[in-house]
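The same subunit A turns up in both complexes below, where it pairs with subunit B and then with subunit C.
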Partner chain A sequence: MKDVLIKGKDLSAFCHNLQDSFIVYGVREKEEGHFIFDEIDEFSDSLEKYKPTILPPKKYLFPQQETLLRFDTEPHLEIKSVVESKKQVLFGVRPCDIHGIGLLDKIFTSDNEDSNYLRKRADTLIIGMDCMEPCYEHAHCASVGCLDIDDGYDIMMTDIGGVFFTTVKTPQGEEIVKKYVEYTIAGEEESERFLKLRSDRKGRFDNKIETEVSNLPLFFKNADNDPVWKELDERCLGCGRCNIVCPTCYCFDVYDCMDLTMTSGERCREWDACTLKDFAAVSTGENFRSTRGLRLRHRFNRKFNYLMTKYNTSFCVGCGRCTRSCPVNIDVIETVNAVINNHNNNHERE
Partner chain B sequence: MSKPRVAFFSFSSCEGCQLVVLTLEEQLLELVTLIDIASFREAMSEKSDDYDIAFVEGSITRTSEIERLRTIRERAKIVIALGACATIGGINCLKNQFEMEEVQNIVYGKMAEKFDTIPTRPIEAVIKVDHWIHGCPIDKDEFIEVTKALLLDKKPRIPAHPVCVECQMRENVCLFEKGMVCLGPVTRAGCKAICPTYNDGCVGCRGLIEDPNLSSHKNLLNEHGLTVDEAISQYMLFGGNSKEKYE
Partner chain C sequence: MKENNSLFLPEIAEVVSTRQLTEMERYIELKIKDTREFNFNPGQFLQLSVFGIGEAPISISSSPFNRETIGLCVRRVGDVTSALHKLEVGACLGVRGPLGNGFPVEKMKNKDIVFVAGGLGIAPLRSLIQYVIERRDDFARITILYGAKNPGEILFADELECWKQRKDIEVLVTVDKPDENWAGKSGVITRLIPHLDLEPSRTYAVVVGPPVMYKYVLLELQIKQIPEDNIIMSLERRMKCGVGKCGHCQINGIYVCLDGPEFSYHTLKFLSEAI
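What follows is the complex of A and B.
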């Protein structure tokens, strides 16, 4: 389908009409300056005021708690998988979070297919909302290559001044545009305006990381003894908030929950967090990462080394949520740059 | 297999945690198909000294309570501390800031010498405790979890991480950003962050996590224009038995 134009005033009707066939989740302001994704009746995204939501929209694909299977032990053992999923639209997902979902797609399909995630993902349409300005001081999407995006959404909308220039990526995207919103085909003039706005925005998104992002695994491979981990060990509260708010953290704990009948029950999973003390504790009492500094080092390695090496792409999408939510201001960019600089200084001395 | 016999006991407390057990309603009916209740004065008149599992609510604040608690320990195979008074001493520890004589006089006036009183302590200061159900009051689901785990002979799944995890999962705005004191970063979770969810700073009723970063928490307070004294005064509401832990 060709690029189309959707008027700003028609977005509310779009949301409303989508509710005929989908549960629609969009951005709303929970408290002043704090946004969340929530079930919405009408378009409530504040657009230019937007800051990344407290939790990323990943919660609709991989919820905080989820039942995986139900079992009965009587009269004989019976196990049934449980996949709870319904048709849903995520309305107004920013590029960083679309990248985040794209990374979760890789995680939940490689090695083992996660049927709960995949069913939810298949039932989900993503309406992207492009960013023309950095949304806040902690955003570093452009630094990790996650501002520009050309995949992972069904449609992508860009505000070109009261009108949304809309790229339709998938057949499902085409279907919802045709069925649920008034649109016109974009003309040459609008296409040019869109391209100019896209190219103008480049200068507004600084590169905050002091090396090419693809070099990061190398820096982190040599950073096990970097003094930054000692410094962070003293500061980190071990509260887990950086993990909980991260669009690409996917670790979970699995546990069984018996019903009070004591013959049947559920196997469930719940988000886990590698910065928590219990994460790497084993039943004999040892802990592979016993200090907060070691746990944080592990978290940074997950984002900029281990997964990056395996998948050849940054597992930090630059939303800045971890920096924003850290009670003691541990800053992802400052930390990455400290690792780079400490490495370079050491190298010079040698 | 015979059903385990369960007894509930009250020491110095408001008995609110036992009330939480009674509010389990439908689950309570299912529960009594799995256990026999030997004693539960808030719920029934019958009493028995024959029990396997003792849920003990309340802290120890008088010498006579020490003997009574030891007897319960001797009779029960498993003892569970029920609620903040029993697990960490709780609100009753407020009196530990005063001289005992002064407390006696304030509370009992002319009758003071008829009522002995000792510094408040959690039950584990007196007897061995097998499990802890934290909170003021306890969380229903956690009570059920511990009870089921006992029946299955499994380790209960009780969080060791701080309140921040649950608070962030609920997408609450951090109370520090609103200039409020919160002990969430150093307090054991399991309460589903109910106080911060309703805009009230965590006062630490579930006790400190195993390995709290207190110096960083203090810096955090300073940075938000709050004082350590404010945090200590909040902490002392429940943590008076372990003031030195926060200091």
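What follows is the complex of A and C.
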């Protein structure tokens, strides 16, 4: 489908109409300055410039808690797998979070396919909303290559001044545009305005990382003994907030819940956090990452080295949620730059 | 076969026999309900479910040539393993697996094999030892070193005795803390290695034991000049999913469940959190 134009005033109707066939999740201001993804029935223009939500929209694909199995132990043991999913639209997702979902797609399809995630993913349409200005001080999407996005959404809307220039990427996206919103085909003038705005925004998004992002695995491979981990060991509270708010953290715990009859129950998974003390502890007492510094080092390596090496793309999408939510102000960019600078300083000394 | 492709759906197995080995360890023999042949490689593991309690990863301890039943040696250390100890014959439980890769038996063919088993490390090694005994002609010299904390904690003592009787296998058992009835060797397992007469280029050392054991045993094996590729270790880590998703068993960039649990020292020495 050709690029189309959707008027700003029609977005609310779009959102409303989609509810005929989907549950629609969009952004809501929970308290002043604190935004969340939640079920919405209309789009509010005041939210066009929202700061990253407290939790990323991954919660609709990989929920905080999720049932994997149901079982009965009487009269004899029976086990059924549970995959809960419903048709849903994520409305107004930022490029950073779309990148985040794209990375989760890689994780849950590689090595072994995770049907609980993939079923939800297949039932999900993503309506992106592009960013023309940095949304807040912690954003560093451009530094990790996650501002520009050309894939991973069904439609992407860009505000070109009262009207949204809309790129339709998938057949499902075309279907919802045709069915649920008034639109016109974009003309040459609008296309040029769109391209110019996209190109002009580059200067407003600084590169905050002091090397090319693709170099980061090399720096981190050599940073196991970097003093930054000792320093962070003393500051980090080991609370796990950085994990919980991250769009690309996917580690989980698994536990059983019996119902009151004690004869049937559920097996569930729940978000876990690699910065928590017992994450890598075994029942015989050993803990393979026994300090907060080691656990944070692991977390940073997952974003900038281990997964980045395996998938050849940064697993930090630059949303800045970890920095914003850290109770002791551990800053992802400062930490990455400390690793780079300590490495370079060591080299100069030697 | 499974009804659907959920990674997390166990098959149902029935306990066909149990044997209390020590106060802490119980041997449990299972049969998968739908009676399919169960094929696995020595060193692979299962996720065992006691429903309502949870799931735990346990190494398979029986011979891979026994395709009817599966034997596991379970140490009682947590909720799931305590519940496993209480299962009687006829009880049903959930099984996912076999998971992991197992020992590189093909590469080990025609080589001298030294087994180094510390404590419960004998559990996964027993499967490999039984494989090697069954295919005895495929391997050259076989040496089994086994160390336990005290005589009461020796696992599979009867089988160790049988292996010892064979002319084609050397078995050395030591205990850290002997009692007055112990007539065998005493001291940590590491002390057995210097006395071995090894031909480094044709020797595979297969080492399984508690985490603390590895670095000491590795040093002795390196003194013996065993090539790094020929030192194979099986690692214990916290695991929740067993299929490379949950993140708990990760060591640097690798997942123990997917990429292991057996690794050569050559692989592990580049992983800062491995040993």
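Just a few scattered comments:
Going forward, the second predicted complex is superposed on the first by the 346 of 350 C-alpha atoms of A that agree within 3 Å, B and C clash if a C-alpha of one lies under 4 Å from a C-alpha of the other, contacts with A are read in each partner's own complex, and residues count from 1 in each chain.
Convention: contacts are C-beta pairs under 8 Å (C-beta built on N, C-alpha and C of every residue); 3 or more make two chains touch, one makes a residue touch a chain.
Source: prediction; values computed, not measured.
With both structures placed on the common chain, the touch criterion links A:Thr184 to neither subunit B nor subunit C. Applying the stated contact rule after C-alpha superposition, one finds that A:Cys236 touches subunit B and leaves subunit C untouched. When the two complexes are overlaid on their common chain A, residue A:Asn215 makes contact with neither subunit B nor subunit C. Of the two partner chains placed around the shared chain by superposition, subunit B is the only one that A:Gln64 touches, whereas subunit C remains out of contact.
When both complexes are overlaid on chain A, the residue A:Thr73 reaches subunit C alone and has no touch with subunit B. Touch criterion met: A:Phe252 reaches subunit C, while subunit B stays clear of it. When the two complexes are overlaid on their common chain A, residue A:Ser81 makes contact with subunit C while staying clear of subunit B. Set against each other, subunit B and subunit C differ in how many residues of subunit A they touch, and the higher count belongs to C.
Judged by the touch definition given at the top, the superposed model places A:Ile244 against subunit B, while subunit C stays out of reach. Applying the stated contact rule after C-alpha superposition, one finds that A:Pro327 touches subunit B and leaves subunit C untouched.
Under the contact criterion defined above, the residues of subunit A that touch both subunit B in one complex and subunit C in the other are 255, 258, 262. Residue ranges of subunit B in contact with subunit A, taken from their complex: 27, 30-31, 34, 144, 148, 151-152, 157, 160-162, 164-165, 168-169, 171-174, 176, 184-186, 209-211, 213, 215-217, 219-220, 223.
Within the complex formed with subunit A, the residues of subunit C that make contact are 3-10, 12, 49, 51-55, 75, 77-78, 81, 92-94, 210-212, 236-238, 240-241, 243-248, 250-253, 258, 272-273. Against subunit B, in their complex, subunit A makes its touches with residues 30-31, 34, 36, 53-55, 64, 234-241, 244-245, 255, 258, 260-262, 271, 273, 276-278, 292, 325, 327-329. Subunit A meets subunit C in the complex at residues 68-69, 71, 73, 76-77, 79-81, 83, 107-108, 110-116, 224, 250-256, 258, 262, 265, 267, 269, 272, 274, 279-284, 286, 288-289, 294, 298, 301-302, 305-307, 309-310.
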